[in-house]
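Order of writing sets the chain letters: A, B, C, D and E. Residues in each chain are counted from 1.
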Amino acid sequence: MSIQDDIKAAIAKALQDIPCVIGWGAGPEPLRATPLFMRNAADVENFTAGFLAVNNPALYLPSCKGVKTALVVKGCDARSVGQLVAENLVKRDELYLIGYPCSGVIDVDKVAARLEGKCEPGEVTRLREENEDVILDTPGGEVRLAKKDIAADKCARCRYPNAESADVFIGEKRAPVVDQDEYADLADFEKLSLEERKAFWEKELSRCIRCYACRNACPLCVCRDHCVASSREPHWLTQADGVRDKLFFQLIHATHLAGRCTGCGECERACPVGIPVLTLKRAFSRQVEDMFGYMAGIDVNTTPPLLTFRLEEPEIKEREW
Amino acid sequence: MSKITLGYFPGCSGLGTSAEYEKSTRAVCRELGIDLREIPDWNCCGSTPAHTVDPVLSSAFSARVFAQGEQVGITDVITPCPSCLSNLRNALRHMDDELFAARVDALTERPLKQEHSIKSVLQVIVEDIGLDSVKARVRKPLTGLKAVAYYGCLMNRPEKVMRFDDPENPVAMDQVLEVLGAEVLPFPLKVDCCGGSMSIPARRSTPHLAGKILDLAGEMGADVVVVACPLCQMNLDLRQGQSRAAGLKYTLPVPYFTQLMAYAFGLSDADTAFKLLAEDIAPAFTCMSRRSDEIKAEEARKAVLAEEKARAAAEKAAKTQAGTETAAEKQPGGKSRANSASAAGGAA
Amino acid sequence: MRIGVFICHCGSNIAGTVDCAAVAAKAATYPDVAYATDIMYACAEPGQDAIIAAIKEHQLSGVVVASCTPRMHEPTFRKTVERAGLNRYMFEMANIREHVSWIGKDIEANTNKAAELVRMAAAKLRLNKELKPKSFPVTKRLLVVGGGVAGIQAALDAADAGLEVILVEKQPTIGGKMAKLDKTFPTVDCSSCILGPRMVDVAQHPNITLYAYSEVESVSGYVGNFDVKIRKKASYVDWVKCTGCGLCTEKCPARKSYDRFNEGVGPTTAIIIPFPQAIPKKASIEREHCRLLTGGKCGVCAKVCPTGAINYAMEDEIIEARVGGIVAATGYDLIDWKIYEEYGGGRYPDVVTSLQYERMLSASGPTGGHIKRPSDGVEPKDVVFIQCVGSRDPSIGRPYCSGFCCMYTAKQAILTKDHIPDSQSYVFYMDIRSPGKGYDEFTRRVQEEYKARYIRGRVSLVYPKGNKLIVRGADTLMGVQVEVEADLVVLAVGAEAASESAKLAEKLRISYDSYGFFMEGHPKLKPVETNTAGVFLAGACQGLKDIPSSVAQGSAAAAKAIGLLSRDMLDSDPQIAFVSANRCVGCGKCIEVCPFKAIQEIDLRGQPKAEVIETVCQGCGLCNATCPQGAIQLSHFTDNQILAEVEALCRF
Amino acid sequence: MSVLNTKELRIIGFLCNWCSYGGADTAGVGRFTQPTDLRVVRVPCSGRINPLFILKSLLGGADGVLVSGCHPRDCHYAEGNFYARRRLELLKGFLPVLGIDPRRFEYTWVSASEGQRWQHVVEAFTAQIHGLGPARGWPEAPELEILNAVAR
Amino acid sequence: MVMNTDTAQKFVSFEALPAFLAKLAAGATLYAPRRENKAVVYRPWQAGDKVELSLRPTESCKHVVFPRSEELFSFDMGGDPEKPGKAGLTLQEASEPGPAVVFAALSCDARGFLAFDPVYDGCGTGGKAKDTYYLKRREKTTLIVRTCKSSLNTCFCTWVGGSPASSEGADALLTEINGGYLLEAVTDKGASLLASLPAASDEQSAASRAAREQAVQSAPQPPQDMIKAPAALGALFDSAAFWEKQSAHCIYCGACTYLCPTCYCFNITDESNGLKGLRMRSWDNCMSPLFTLETSGHNPRQEKANRLKNRVGHKFSYYPKIHSGRFSCCGCGRCIKSCPSSVDIRKIVLDAIKEAANV
């Protein structure tokens, strides 16, 4: 709790010079917070960090260009910021980052799974945090859940819980959850045969409603208003309701994110119909890491791998004919 | 010295015509820390005559050898005989082709499951053991022995298959002989034909071909022609009488390089097996020791001379130190010429 | 849009394996196709006239010609449609010859494939836009790289035509390989007598700036305006002061230096003037041999130099120049013959290369024109020439014929007899290649008149026996093995592209083949052009050739360059990138990847946007493939145009 | 559309104008016989090839896609193929994620002089695609089915 | 249309449900909620499918009547092959839609169509310009809705005139009772679907009534001043600051509109290949900047604040003003529940009412 107050103090201090600080505030229901744009002391009172601070505030940065903006950031948010800075899409000196040690954030779908048979997550009337647990008030009484069981997948493979690039850091830095991302999340998928994988995507993408929340939730999808998904010049996609167009959109997104994706997972979380779209980006990220030793959003001085090259590529074994 | 363990394929000659090669190879390997594990129940490598008649059958012979090795966990094999080496290696290469391998497997009914390698004893000694290790073993250096190394046609060829040494001017055996202490003469006919393949279809040409090699070696003043191939050895050694009948002027012993290694390592007569050679090697060793004595005497003389020179130099140094004054006096003379030149330039 | 489709028979080249009428009938059903026909020779005058007539008669607004490769006739047909009043970019080609009729005989499959290629071309054409070139000024200056006979010829021709010429030569003197030759075939003219005056012309020509002992460091820019950096290597001699008196070379104590000009026949000094007729006739110090520069002690040359030209502190100098065109004339090198262990691999002193032999024959060479065995200085009587050493040998990756070895071997055999009348020459050859004016007569003369013994066969071994070299080979005409006892063996060493030609090609952005020879624009029709506009080729760097061919190509390259630089303005290729400013988000990724720095960031009403610098853009399209929102597109190869081709084959 | 559907498969090639398209021309000039399946799209440089063209082709029914450019260091535009190499290599590694056999896509370098090599590449790649057989299609929006009848 | 409900109460036991669904599926495409991964979506039902009734559907069932994309007609410009260049044009109408049944939709989903109907029935043209594509499908679709047993945090049907047990807009209503479901027909279409089922007993009818009352009881109470919403939003039309604040965290994806049962906007595009093509319409959404992008390049709603204002304003002000006060919102709360950045339309409306009162 004291960290929360310390962050509030830091925000209040930042607001003396900076017009707006982006953080999180209470959401429409107990399991969800919402991004909060704080401009005055009253706004700061609504600030909340911690387990519900799911949204990635870096998303809003490109639209804040030219105006000094402060963000409260988790480790993963800071990586998104880092990548935006590395690509010169935002200017670091227009930013003020308030970091704090993140111990993971909630995944409402996982709560839904734990409540299966009891009620829907939308029927939870209160959430209380108690150390490593949360206690939910449901129509059928209190339910206690361990945070680790309902935390987002990305939190279990978190290498950067602390926003290392923050201008001010509130609290004690946490140890990384893991030292190495083994991409264990891809392992199950990769057990599938090629035919099964194709069937998997056909089935999953048949649900897609083409709302493009995945795109709009992505802090690195900076084309947004000019996305090729809805352009006729170039005309990559039709507006038809078919799996091919829907999959192809995901491929556009994934290829555009190759070597840039920081794995914040907002695309997958934003998807209203639960399509595992992060898998595509993670597959690229693993390759990029193996091939070029590059992790997006860590080093702002390294050129992203697809915007540069080496004369000899030791990791690329070309086919001999 | 660290020990290495390798599968060993002696080849048919090793049991007969090249017993001296076989004995000395085993002895030398023992000395160099190579643990030879003979492939159990090995068979013909499939070399002549099989490979001239049926390549699949020939490779099947080889494949069975590897399969026998595989059974007892041997996958890296060495052989002293270049002919065996050639056939075993070619079999492996041909079996890279799946269709060919399938035909071989159909004959052996024992498809190979692992990767196999086959090398010559010479290659292992030069590349894996190293000349330094060989040198360290030498107890009776061959100082004074004039030797030429003769490689024959198979050891390094074809280049793409053998991938060892130069196909036209190999030097591996030369290097071995050099570290043994011998004086190795630059022999141009290292890979000339010994007539081995002609010994059946054109018997009379063999003594001529072998004779030409021996003739040049003799002309160059060699004491021995050192070989690594049982077939070459037979043509050069056993048929030397025939060659002499055809005009060869010299008599030259033709030992295997391993025999000379065994000798230089100070091993027993049983290990060197010189008595199995057709042409006696003793005259060569007589020449060697005579020349060795000469060399020693020469060295001694040189040592005395060097000592005198050093003493003289020391005395001179002492004198110079005493006479720096004199040297210093000489300097201005040289300088003044330069000075006058520049002065003249300045005036102009 | 009204598209006309013309399916060319190309005589029987296409019609032999493609049913052209059927393709035309099919094409008539494609979208927007208003007219489709087959035609005997589309590129010939009647064919072009027919296309023009059809454009007018059927009010066509675009044309597809299905014929040979666009690399051949795209410019031809573009001009054709232009003559009919269409924009030249309202034209597409379907390659149904190189990519269809010539690579398979299945008429059904070929016809179907041809029809599909036409469908692709027509689908793309529907999206083509009229493009107009822009003009830019030309720098009327030519860079010639390489001062061999080809480069000299190109430089002189261009300079005579009034162009400023910069000639860059790697060695301290121009003259190249020809300067090393004693005589030339088939006239047995004195090489330096005919080359010397040309070299002097270069030195004296007011339009030529010569940078000897210099190399091209980098090239940027584009046709009409290349920016070149030239590295003038440190010669440690101030060439302004050096008079070429040669005093320094007489006094230099480092007398065992490798003599590059004389191919190592005899040693030379560390400070050298390569040969008496050198241009520029200036001394230079070879650093690795100089006692002062390597050991810090000596300085003799500085002492003896009457003009004080020696400067041991000299450093490389970079010279910058802007030129409108470039001629590459970097010549050839001999292959490394020492890999042939069967010929001694460099171990036997009396086995020499043809170029070394040439220096021995030369009166100005180290032996004063006397043929002497390097081992003992004795005059040889039996000389064996081995041809094709490193030529036509796939085992060393040189399967090609070097072209001139048969001829110079014949010449050397003649000269041998001239020098040593009682000598006998033997020539081992594979085939005699002597097409050329007076060439075959020459090779017969050497056999008939000069009694050289020509033995058709390869040599398997050269080995010393006593003071002779035994040359063992096959006489394939007689079917026997032969052994010749030789006093001297001369290897006709094959040639390969000059050692650093690949590096230069990369700097010039031209292609080279797997042997390092520069690629001409078209093997038949563009023998001196390259695929990079403004870069031309002369001499052996493009492919091995003898002196007259090199000279001819030097003149040809000069003619092309003169033609190019005679214009004040050039048209830029309009197939370049363009930015749709309202779609550009100013992320700068295109700027990051552009190899030509042809994109800049501009401010458009407070928003950063990309903008293409039209004269700099080369039209590679890398930016197009990089831009995530497709805001930057490559004209004539837009995403939609490529997609149209893909969708003509498979759609979704 | 084609009666040849039984013997041909749909193979699309993206070739750079300067090297590989020239190499294919050289193969033609040399009359180096090749299978007829391949259809070539000419682009200025392998760097022009957006990996999405390849995905579009593969999702749209191509059984194989072959990209060929200038050898590294030999790019007409100096650097295009270096970028292409990275992008195409990543793409190839990514295809299995979609359930597409990565052997359906190859990229290589063929220079304008390498007609024989081009022949070999086309033969080998076509054989490879025939070995894999026709690609299984992706479900189309029902309303678009009408458009596809035209193309194949 | 509305018939006497008392006469049409039927019962189907849990065990008999599959057989009943199979019967429905035999005569029409039957859509029922199905769990897929984390979502619940309406899918064509096939024998053996489990109907998901414990979690509420993520999406509305509007796509049954108003497909995400639909062919309007196809065209072929191929002329006479003998006369190339002479363009022909053949138009082909889209094929007739078949009958459809939606089983166990939410009550609010059905009310959503009531916002659609007047728009597509030509209300603005006095009934002249009817959208036959929509109307045909609407006509051929039978909606069976279900009584909600409880309310979610995001539910607010009562704010906009609905109720968890409402059958407005539906053809039949399904209520879970002991041992099975009570089904009551609302329209003739509904009745004919239920005809084969056994009539419900009086106890069953009573249980169903009780369940519905219980549902209504547990529903959230509407705020008093919802009636002020149209005027309040109208008053705030020019209040840029208000809308900027409300829209700050909106990421302007289309999730809210595409999940919404009352959003009916579409876009029309042509897709062609060669000579053939089709004209189709597909969902469009007013949160996208392209929605109002004009050909000139001008965009009246360039800023997301303006777009959010339009969305909220349309639902709670502009539409009700011309449709007798009916909100173009059924209160299903999906836009809140599935919003990636938790934009809460209820809060915006209430804030607007509060803000307007202060103005």
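By our rule, contacts are C-beta pairs under 8 Å (C-beta built on N, C-alpha and C of every residue); 3 or more make two chains touch, one makes a residue touch a chain.
Quantities reported herein were computed from a predicted structural model and do not represent experimental measurements.
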**Message:** What are the mutual neighbours of chain B and chain C in this structure?
**Reply:** none
**Asked** When you check each chain against chain B and chain D, which touch both of them?
**Response** C
**Asked** Which chain lies the greatest distance away from chain B when centres are computed from Cα atoms alone?
**Response** E
**A-D or C-D, whichever has more C-beta pairs in contact** = C-D
**Asked** If you average the Cα atoms of each chain, whose average lands nearest the overall Cα average?
**Response** D
**Fill in**
Here the gap between chain A and chain C, centre to centre from mean Cα coordinates and rounded to Å, is 55
**Prompt:** Rounded to the nearest whole Å, what is the centre-to-centre distance of chain D and chain E, using the mean of the C-alpha atoms as each centre?
**Reply:** 45
**Request:** Report, in whole Å, the distance between the mean C-alpha point of chain C and the mean C-alpha point of chain E.
**Result:** 72
**Request:** Indicate the whole-number Å distance between the mean C-alpha point of chain A and the mean C-alpha point of chain B.
**Result:** 68
**Item:** Of all residues in chain E, the ones touching two or more other chains
**Value:** 69, 271, 273-275, 280
**Fill in**
Shared-interface residues of chain A (touching two or more other chains) are 236, 238, 240-242, 244-245, 248, 306
**Item:** Set of chain C residues in contact with two or more other chains
**Value:** 582, 593, 626, 639, 643, 647-648, 651-652
**Prompt:** Tell me, which pairs of chains are in touch?
**Reply:** A-C, A-D, A-E, B-C, C-D, C-E, D-E
**Complete:** Residue positions on chain B within touch of chain C in the complex are 166-169, 186, 188-189, 192, 216, 219
**Item:** Residue numbers on chain A that touch chain C, as the complex places them
**Value:** 87-89, 222-223, 226-228, 231, 233-236, 238, 242, 244-245, 248, 256, 303, 306-308
**Complete:** As the complex stands, chain D meets chain C at residues 2-4, 7-8, 10, 12, 17-19, 21-22, 24-25, 27-29, 31-36, 39-45, 47-50, 53, 56-57, 59-62, 70, 73-80, 83, 87, 111-114, 119, 138, 140, 144, 147-148, 150-152
**Message:** Please output the residues of chain C touching chain A within their complex, sorted ascending.
**Reply:** 580, 582-585, 587-589, 592-593, 626, 628-631, 633, 638-640, 643, 652
**Request:** State the interface residues of chain C toward chain B in the complex, per the touch definition above.
**Result:** 340-342, 345, 347, 461-466
